[in-house]
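In order of appearance the chains are A, B, C, D and E, and numbering begins at 1 in each one.
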């Protein structure tokens, strides 16, 4: 094993990560040394600035050829760039929510930590997008997880927050163990952690038992990772955690964390299992597992949408909704169509916009009313037409109506489901589930637009919220009307 | 050559994994639940180290992976315990079945 | 002139439109608009009629609706029958317009009445000049609407409302027959044109069954419109309308449309023995059936209504017995004397403000014009020799006999007897004897009511002479001219038929005289009040009740049954599906217990299940 | 002359109104109403101009527009898009008449809304205009995806219009509407996607061509399945028994101006879809199903009629009558010949006008008397003779009185079916009688008879209210008397359809 | 299979590990459970030695048997706990989980029961620590550094969450 010296590598491809890392270090120090009386919000703005800088850095890297350094422990390819951009944008928007978040219940003193833990989580997620090595993927995943655990429980004196963190960490631990258990078998069958090498080795697996073990490993990894996706069967933590965590954290979990989950799932699915253990007819283990994936996707969509019907808490409802969306995305994964990455990426983009926008509204409303009941949205149209209409547009997008990005996202997945080998059943379940989702999305609409308000007090919208709302609405509509702005961008990468 | 087959180590790992899992899913004390999770991760490490010696292409990587896993597990344990303590302050219990203020 | 015949229906339409838009402002002057415009129609009609005596049939048409390769046309035709009908309709209409000015005087919806009359006249005139079945059908329906509106003119009366509804729906049942027949014919001939249909029938292009089927279907339309059994019940009820309307629509014109339709399509019917027989049987049966009901009715208008039904049955009998000329001839004479009778009855009602003949009596002296005119009408309808009805009824009896229907002939003869009897019963009860009701303010009607009656009275007497065994059958010859399919202009029959007809009519009059004038025969000689027969007749054989219990009840029952399906099955299914989804949601919700270990357990058990399935399905062996 | 932008302007002209309204103060009631009304006028004028354009013998193809819009590409920068949707609008004769109908009814409905809507005019008109965009788009789209998009766009504003401005059970009705139609459109989307998967295109014309080609990669069974799915998808909209229950709720609960649109146009999308896609794309299979469709049509016709016969609420009568009348559309389609199809299309237009008229009148009655129950309304002819007159005229039009549009369509539909399936048609004619029975029962029940004392003082139709009824009545009579105003644009469409059927 | 010393050692260590695990599940006192688990952890270290992973074994002793067990004990002591360690509810869950585990173990076991790849001699035991060090600091430098961030996050997180503020102090 001869190593090149570290300096020979093209470290510049890691600029965005370095920027985030730098900001983390800066914030840690600032938080330590700044006098107590300084409003820690400044740190939040700083981290936004950092994220913007990272986006700019990434943008400048967009043109570079796929580069990998250190035996693929870091690679910057088209996939990495595309999803990293999503993660950065999502995290940036979440930061806007975070700076507008009213700190209480024991997190007053930890605003600084609040911000930079987001960044560490983001950093973990970013590494997940750009890694060709199981170990880096795993560490990135855990960095994201551990930061999220802390974030969920950061309202120290709030029982729900504590509880949500506890639930998160326990389920997270189990999922980590399961994932890792699966990875260990993959390692065992190949003797490597490098994804490319693994794929290479696995495509040569012909022995029946090894293939079997690989199948088990696949199931272990997939189920373990479904924790991050909040998809069946590892979905049940989501409602409780979403409900208890501070709203920006919930938003982060439902958007950035989920995106990262899909990143790692796609990475592993595509690079590792796509050609693994091909049988005589050339179909790899991934295609053999197709029915399992389809089943899980269907179960996820059905559970998410159906249980959401019964929710009275808006954050819980959105948890189920996010489960449902994970299900739609799994459909794309299941079908493995040629536009898989496009459709997942676009859907996640749309989902990020509409979900973050919705969480911005939820944050404003819940902070004002002090509870997160759906009934608290009653008469929102009277109290704040802008907020209500914004929420309305976002809900329409979540429900997947045309004219919004949500529709194009679903359409994209749908096209994939019917291109080549059609997946009638899965697609039908998806669309039926979508119709079921009308019930609860429009239930919120009903509250906002049809019901009288309990009190008529108005809202004042913090700057951060306004930014998020504008981005979310403009984005949702723009990508709904002219989706090729985004798709062509992705295509050029 | 070793006289102990690789499958023996793997089986041991599997047994420990299952014990850990059972503990994590049934024990009432949260500390024990956290510890059970650690046991599961340990089982994984046995796998990794086994494969590092007896795997398809034996290499040091398995041991390195195990080390990473150990550090992550430690961090997770620490955070888990911290969360538990924070929860204990508000709720005064470590019984996992009493953490059900949030449900449908 | 004939090329301008299309203007004839348009004058009343113009009247309708003007009165609809400006009626409120014109008020009483509305009458003049209506009268003048119908007069114009009348004048044109007369001109056309006279021109048609010397000129051949005139047809013109234009493309109305294109359906792919099919071009449906509209246009107008002036043949003998049309020309005659134009004259009859426009004449009666004009007279009724005039008469109504007096009769409807003071009604707050006076202009509306004239508007409706205009609409009806337009439709009726349109009907009679239609050159094709489709157009006929269109006006056929419009006529129905005009009738409907006029029956329901006193909209605030529940009876009027019910009668209007009944009239419309019952005639529509018949119309559907016509509708189907017309469409079936169309697909046989690819045309609605009468000429094309006749040509196809002539050429034998249509199978015999199809001819019979379509002919009977079309006849069903006629049954509805002309109040033939079993769709006759609406016509007596239609007397809820103002009396001039009854005269115009339910005596002279619209109800005769059924007869007209059969006449217009006569070559089709003639091609099917079965169809003709059906018509004859229905006609004869209706004639005697309605006449028997007429024997006991006490409402002056209802008696006349049943007599109309009965007379229409006569006409059908004539047509069914291949007596084309007889049918049309009776149609014409009947139009005059029945219109006269109705107008006279209206005049009576106008005077005494009641329609119940039990409350009248002794009006002969008080109504100097009305009485004699009514008598003329009664004589005409009774078939007393020298009056118009005598000649036409005679033709019918001959046709029935010569057509080979002795039983039907007998029925017709009995019906003739009954007609004479109940008509004179009516006459004697109304005009002779003691005044039975409050008659203090009884006075003769104004001139604009009496003049039309006088004109009709004259026609009721002389109209028969256009077609007599003695002075030549001018009308008949002209009607069938150039159309051998229509039969002969005059059918020679044995002389005893004429004598028999005279005898029965005189006998009827005699019995009525004895019973209601002389009172030497007790009124309950045959069957008195309370007797079964009397009750049955009084209740019109319970046909209405029968329908109520069968058709109406069935419809309602079916409706409620369907509602049951709608509410429980269709909605229930939906509720079921929603319930399942909701139930799933509830179950899913319940599983969310807040127990974090449960969550983990679910995830793990899910994994275990997948793994076990994977193991068992032999992912192992491949 | 370059007319390619015309359709885009036509479809999106209401957007201008939405934008203007968005910046207007909520309280400016009068101004909002005026803007809302005026915003529907450009579309109306363009639609009429397009109609005249046709009647002056020019080609409707002048209006067609097609630009690339959405492309989904596969991995690896393949130049050929994997899936592409073009922005394609076009106008055939059939579409033209529907666009004109939409524009007319929309304007009249806006007028009605100015009258009936009592609150939150701004929101109402913005949603209403959005709805109009959707409807115009549906009828001009030349691409299935585009059609679907516009189709779905109509759902949201309608949901709100019903749910916010409706009567007591408005929310339930709105949900019913949303879910049923959502399911319908879901099925539609699946069909579209399968078609795309099999043929690689969603352009209607190309699809028709490809599928007509016997070498197309679609088995007969699949095509039959797709057609049945389409029947379900559009059957919800039309509605076909037993998919109708949502529509009853909507008709009863929605505000009159919305029901005018809903019954007048939205239901017609179902018929349009069936004709354009069901019959247009799958003519062979349509033939196979003709008997079934005929039976469905007769069931619809009779089911609606019999149920309408016992309703106590006039709105319910009209709702069931809509079901009944849509049966005639099916009857006409099942005939599969020129007469039948033309009858079906005529019925679409005719019912659009008639139901708009009747629902407007119901709205007026409800506004004046606070009831639409037949027994509560008896005798209003006394106090409201004009309204009663129009009501009666509307009922006559609805029951197929010659001289009005309803007759022509009914006649042609039956004419067509009698040629192909005379027995089924014969059963269907019972519907003609029942229609008369239930309409007269209801309308006479309301207008004739003894007047309720409390209604003697109510106001008759007046002023601006006469415009919608007058215009609609005029059109109804115009079509009834001169059906060629409608039939001439339809001939080319019919030819195309018949060509497909004949092939 | 011969009963070599290595095999006996393996059996003994494995037995200890499993007994430790079983005791974890069956003991009632929390402290006892943790102590039982220490045996398991130490036994696992022994397994590592058998597998020529001395460095990992050392780390195992240090981190698991040492650090983690100790903080767990701290955790136990910082919190009150009742020794009766049976959840009140969830009998069904236990059964189901048990069944699940049996099924899962069965399914995985099928995959590994004769997973015997031809063994090649390795040099893992030679300079084991150095090999690991080389790999960590060259090939895996990125995850290694990332781990430092992870530990930082965990550190900060643990501190802020577990830190005893004035407000909570009187409750202790």
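Quick notes on this one:
Throughout what follows, contacts are C-beta pairs under 8 Å (C-beta built on N, C-alpha and C of every residue); 3 or more make two chains touch, one makes a residue touch a chain.
Just so we're on the same page, UniProt names per chain: A = NADH-quinone oxidoreductase subunit N; B = NADH-quinone oxidoreductase subunit K; C = NADH-quinone oxidoreductase subunit L; D = NADH-quinone oxidoreductase subunit M; E = NADH-quinone oxidoreductase subunit J.
All values derive from a computational prediction rather than experimental measurement.
Interface comparison, A-B versus C-E: the higher count of C-beta contacts falls to A-B.
With centres taken as mean CA coordinates, the chain nearest to the overall protein centre is D. With centres taken as mean Cα positions, chain C sits 96 Å from chain B. Centroid to centroid, with C-alpha atoms defining each point, chain D and chain E lie 69 Å apart.
Look at where the CA atoms of chain A average out and do the same for chain E: the two points lie 30 Å apart. Averaging Cα coordinates per chain places chain A and chain D 43 Å apart. For chain B, the set of residues touching two or more other chains reads 10, 20-21, 24-26, 33-34, 50, 55-56, 58, 61, 64, 68, 72, 75-76, 79, 82-84, 86, 89, 96-97, 99, 101-104.
Annotation for chain D: no residues touch two or more other chains. Annotation for chain C: residues touching 2 or more other chains are 589, 592, 594-598, 600-601, 604-605, 607, 611, 614-615, 620.
Working note: touching chain pairs come out as A-B, A-C, A-D, A-E, B-C, B-E, C-D, C-E. Touching chain C in their complex are the following residues of chain D: 241-242, 244-245, 303, 306-307, 309-310, 337-339, 342, 379, 381-382, 396, 401-403, 407-408, 411-412, 414-415, 418-419, 422, 425-426, 429-430, 432-434, 436-437, 440-441, 444, 447-451, 483-484, 487-488, 491, 494-495, 498. Across the complex, chain D is touched by residues 63-70, 134, 137-139, 141-142, 145, 152, 155-156, 158, 160-161, 164-165, 168-169, 172-173, 175-176, 179-180, 183-184, 186-187, 555-556, 558-560, 562-563, 566, 569-571, 573-574 of chain C.
For chain D in complex with chain A, the touching residues are 69-75, 77, 82-83, 145, 148-150, 152-153, 155-156, 159-160, 163-164, 170-171, 174-175, 178-179, 182-183, 186, 189-190, 193-194, 196-197.
Within the complex formed with chain C, the chain B residues making contact are 21, 24-26, 33, 96-97, 99-104. Of all residues in chain A, only 134-135, 138-139, 142, 145-146, 149-150, 153, 156-160, 162-167, 169-170, 172-174, 176-178, 180-181, 184-185, 187-193, 201, 239-240, 243-244, 307, 310-311, 316 touch chain B in the complex they form.
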